[in-house]
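Some structures to go through are shown next.
The two complexes that follow have chain A in common; it is paired with chain B in the first and with chain C in the second.
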Partner chain A sequence: MGHAPKSITLGEEHRAGPEIRALGSKASVVGVSGVALAAILSFGGFLGGSPEHFFKSWLFAFLTILTICMGSLFFVMIQHATKAGWSASIRRMAEHVTSNLQWIWILFLPFFFLVLVGDGGKVWHWMDPAHVDPIIEGKAGFLNVPFWTVRAVIYFVVFFAASKFFVGTSVAQDASGDPRLTLKMQKWVPGFIVLFALSLTFAAFDWAMSLEAHWFSTMFGVNLLAMSFCGFFSLFCVMTFVVQRQGKMLNEVTQEHWQDMGKLLFGLGIVFHAYIGFSQYMLIWYANIPEETTWYLARVAGPWAPWMWFLVFGHFFVPFVLLLTKHTKRCKPVMTAIAVWMLLAHAVDVYLLIMPTVPAEALANASDWADFAAGARSGSIDVGYQPQLTDLLLLIGFFGFLVSGICRSMTKAPLVAARDPRISEALAFENM
Partner chain B sequence: MTTLPDFIRPVTEGETVTEAPAVEKAGWGLMAEFDTPAQIMAAAKSARQQGFRWWDTHTPYPVHGLDKAMGIKPTILPLLVLGGGATGLVSGFILQWFTNATSFDFWALVPIRGYDFLISGKPLLSTPAWIPVMFELTILLSAVGCVTWLLILCGLPQLYHPTLRSSRFARATDDRFFLVIESKDPKFHPERTRAFMESLNPMSIETLED
Partner chain C sequence: MVLAMSSIDTNTVWEIPGERAPLVDNHDSLSTVTSEVLQAAESPKPPLGWYIALSVSSLLASMFGLMIGYLFFTGVGVWGNANPVMWGFPIVNFVFWVGIGHAGTLISAILFLFRQKWRTAINRFAEAMTIFAVVCAGTFPGIHVGRVWLAYWLFPIPNQMEMWPQFRSPLLWDVFAVSTYFTVSLLFWYLGMVPDLATMRDRANTKLKALGYGLFSLGWRGSTRHWHRYERAYLLLAALATPLVLSVHSVVSFDFAVSQLPGWHTTIFPPYFVAGAVFGGFAMVVTLAVPARQIWGLKNFITMRHLENMNKVILLTGSIVGYAYSMEFFIAWYSQAPYESFVFVNRATGQHAWAYWIMIFCNVVSPQLFWFRKCRTSIPIMMFVVMCVNVGMWFERFVIVLSLEQDFLPSSWAYFTPSWVDWAMLVGSFGLFFTLFLLFIRFLPVIAIAEVKTVMPEADPHDPRGGALEHHDDHDDSGKEQTA
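This part shows the complex of A and B:
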């Protein structure tokens, strides 16, 4: 009370040091070598690698980091939409993640290329004319390659524009200190939220849900949003920890802010995520309609079942209990450890969204649950269960790209929006 | 005009009356009034250092850090809420399990019997279908428990409090900050406590009557 500084004079502790720069270059090396190794394994056919698996694995790694960046954009936009004061001193850290949405489309280029040469069916089966059946034909008005491509371009334009606008305006305020920039962002943010919500939802439909084009869920978009929360708020804690370890941002991100970052991870990334995930599961389980249950049967009956149980306990129960009390949320090392764990759980979550395949014929022919489960476990029924080194290499590689992108953004702009008009409110923020 | 009780003899003419020595009335407690949150913070710190135990501060709005300065122990309310939530979770399960998946009966004022409900071919013990009810009961008992325990722990509703007799105290809801030390505090002493309060430079000091 009354001891917090009222304003920030930018100094060394608000700028990325040589450690960040070094981390950034190391991360790019990890990124390039991870992807290169994965490509060698897959296209050389080593350790069971195949180009088909490579592209699906690429989609998994891409969505893992894209959700994190989308989560950060949503966080930044909500702060403007609600005129939040408490977060003014931590918002820039999120903006450093958001800025990655300006280049992330590059990682999607292989898919554009794949679609252009007519091989899109290797990832999205509905693109392959050989797989077209009456159901997919009925969806052709939406699920066709030209429209799909145009939509993908629109999503990336929205992500790029939103990221450029919010990060750019915030950084411009560092120089001018003009409060009108804050008002400008407040004025435009509702429109951007609508565009963002549509882009995220339809990106989820186009890239993840259409992997099994017979199946559908209207909750799929919000499910991806919940995953974005989990991924971003976990990374938020980890990156803040790393930056503070270097003696930076110690007065700007206080224990009070940590508690709120923990609350957001707890409330949105863990509870909301479980709420949405379970709601989708329960509605399908209860109705028990064959065309709807296939997607879950492939995931809960065979070799994917332990992975699903991992999500139930590792993504929900254990972190839920750990984060119930404020004491864990206010303890930086504990919070960071949980956040690292949640990043892992987030990757497994995306993996389970992308990799399993639904064996429609085997499901139609199976006499009962046990019959199908035994077939899926023995491998005679293919549910897409082939975890490979490629998956891990691409995941690590893409995280390398993300970390390097964050570090590069940090070297360009300060770690705190020092001249935000609400900065004094953020510095004096207290929970209790 | 008050009539004297008949055991009191009226003073006769020429009789000298010796006045009783003035005794400082202890009352219910002493109240000091302050103008700024910084002053009440300092006052709370000093009162704590003096070792008082039966005392409180009254402010128009939550003053951050005041509870720390006063040395208030962390509340057990979160644990009680957790208990409420756990009760809701377990009772939600038992309620549905007994009414949907059992067939035994027992006597609780009236005979109560479970019934095996087979619903759309689902197993009798269908946890996924029960989770919404378990979830809602968890929320309900947490929330109701939280409010109820809060009232109990705060001793509410409380219809009367000695501070309310002070006309100055009305400004505790507007712009003034009050430190109140109760006379039942073992360290309380009418003069010394008043002297301590004076050392804090308050705007006024008042004796509160019960």
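This part shows the complex of A and C:
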């Protein structure tokens, strides 16, 4: 690797310009107006909006961007854990996403507020005393409001601390160039990975799985991790494209890196995700135990079915075929187009995780599959199928917040970890 | 920066960020690599230890054969299998050996795709180990079909009676998954060995050797065109083998997880089994690598850094396994399904609680030692841990299978007792495994010679030792051009 320089001399092409700043401001405006509009619709009762739907929709939008940020944290940590050289020049871009974990808890405050005023049952039915039955009562040691709140605080503390540590230390290295900072991150990263894995798993249980408090799946945490991969690696490609369009980072993120970003999206975001999703679905379908099938019945028997099919083809088969060849992965516009598509698929994936509801009583009374499916399609059985403008507004709004957060982070620190000791390896990196 | 590689012992597991410690120690040229690696296969007489080990293991392998004969002549009643534990040791041993067979392809395929260059020193014998482990694994379901003369019914062969296997059974999927895995692993192993076989052919000192190695080296002459095709094929096989690493043990997990049995039916089984398999497989690689590098003087290739890396993988996969155990336990309670909770509490406190706690100690507790570099780099400690893992991973499958012991009908509850044939077969399968492995060490290149050479500085055209002109790097002030 002798031919690449040992470090990068920071120039204009490594710093966010006025375009990024402008994009950040625009994105904040989009964020605020999206949320405001959604709130008006929901609390004013326009277009079928309701406060209940608003909060659930909020949870969907929140988890969509939270998974992306968690995916970025995971990526950054893995680079340190494996002492990766190839990624040293692109890691900072990921860190700009990770840094959002320092403020993302703010978007969760409405839920804390909701729970505080005793209205948590609007989103998580087990919090509503009227819904408590012997099974939920049996879970009270875990599913109770105080413990749930404490756990949520712990997750955010872990995310905050990890983000602060890895982004902060990396940025500090820009100034000092001290390789000991790299060693420091290497030293602490395994511990952070353990904390991260547990936080992600239980956050998945608390916020998504407990939406149907009866239902359970040991795979659920892994599933959310797989979703995080997809969300993050898609966004990674898109944001890199945007930055490079402004003539920045052209020498640091090469076609070789693009190919590898594509491989990661392909391998982890698409194939691994499908593997986990398929395993969970297949095992539940095959054993056909009523306690478990309910969750999927609500998703495959009624109006949600086309959405599930969309995931099968849009989240797996089509991108799988497209990304098999290296030619798509090495072509930035094509790769970016696929990544935009995958971001959409990711949002649908989260939407299907959060929005459908299991009509326990109707399932118990239904005579057969066709009976249930017909009822769900006609609307006489409620499977939570109410796609609303609110969902889209909140999704766009939250993406606005995320983009503005990324842009703000980019204006604070360079776009590349210029003095990372492995930067020369990254610059000289070749796939073939 | 004043830190410099040159001031540091190269056999250290330390690596200063920005520098990469050499993967092969104490080598100034490529020429000695071949002779050092082939020493085990080319020396006129193997060490006495090899003869002793081969005698013991082939004796045990013969016992395995004898037991199989006894089984065939007498029937499956010779095993401890009895209602409700209708498959005891045979399935435990099957899953155990398939698991061992995971590390090889993981190292050769997945680590290859991840560009982990250190894999070159260990991939060859890890792959060999994979193949031998799958041979042992395949034996158990093969002889557990009751009427062995109809074992070919496992395969969907068209016949006049229109008798087809049950395609909805995961046991049949196993037939496909394991045989595909075996085929691809074998191809991968063999393909990677072709250049080295040619090397052995060229160095052969007897006609027989020249003929044998010549036959299997497929006329390899090392031309650029050969290399070009070889590398393409290698990459393709790596890409094909990668999903197989996941699929084969996922399908094995389906044997249990598609059922409706508490303790078996749980959605995390596929990735948990895969992680467990990699865990057990790596432990076996370390188990074999440590004595092998000692006896045949391979310490320059399988350095402490290699061992440390493997121990890190063991820590990681062991933690994933621990995570899966905890998730199972937690969800068993969370589900509030009384049977599910019963099974898990029973595992920990019931009549086979000792097996459960052996499993927990070996698989979850003992690898925690690997959080400390001192333990990762200490031969006695790592041998202790990997031995624990070898035992623990066998017990994991034992614990899972023994969930059958107390089924839905309390009147059939019993204490599962393996028969002496069960034990003899378990020990015998180890005999078969080690026999094959010892023969491999004696007759084939234990380390991928050609591949190891590619990760040495002499193969790097940008390195002065690889023929590059001394370059002038303004920033290079770290004394990078150390000699290894």
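Points worth noting:
Please note the rule applied: the second predicted complex is superposed on the first by the 426 of 432 C-alpha atoms of A that agree within 3 Å, B and C clash if a C-alpha of one lies under 4 Å from a C-alpha of the other, contacts with A are read in each partner's own complex, and residues count from 1 in each chain.
One rule holds in what follows: a residue touches a chain if its C-beta (ideal position, glycine included) is under 8 Å from a C-beta of that chain, and two chains touch if they have at least 3 such contacts.
Quick caveat, the model's predicted, so the values are computed rather than measured.
Applying the stated clash criterion after superposition on chain A shows that chain B and chain C collide. For chain A, the partner touching the most residues, choosing from chain B and chain C, is C.
In the superposition on chain A, A:G44 contacts neither chain B nor chain C.
Within the superposed three-chain model, A:E430 lies in touch with chain B and out of touch with chain C [touch as defined at top]. When both complexes are overlaid on chain A, the residue A:Y286 reaches chain B and chain C alike.
In the superposition on chain A, A:T325 contacts chain B only, with no contact to chain C. Once the two complexes are overlaid on the shared chain, A:P306 sits clear of chain B and of chain C alike. In the superposition on chain A, A:P190 makes contact with chain C only, while chain B stays out of contact range. In the superposition on chain A, A:P129 makes contact with neither chain B nor chain C. None of the stretches 45-53, 153-161 or 297-305 of chain C clash with chain B in the superposition except 153-161.
Counting contacts as defined above, chain A residues 1-2, 282, 286, 288 meet chain B in one complex and chain C in the other.
Against chain A, the residues of chain C that register as touching in their complex are 1, 3, 15-18, 20, 115, 243, 246, 250, 254, 257-260, 265-271, 315, 319, 323-324, 327-328, 331, 334-337, 371, 462-463, 468, 471, 473-476, 478, 480.
Every residue of chain A that touches chain C in the complex is listed here, in rising order: 1-3, 5-7, 83, 85-86, 135, 138-139, 142, 177, 179, 182-183, 186, 190, 194, 197, 201, 205, 216-222, 271, 275-276, 279-280, 282-284, 286-289, 291, 420-422, 424-425. Taken in their complex, chain B has these residues touching chain A: 37-38, 41, 63-67, 78, 82, 120-122, 128-129, 131-132.
Residues of chain A that touch chain B in their complex: 1-2, 278, 281-282, 285-286, 288, 324-326, 428, 430, 432.
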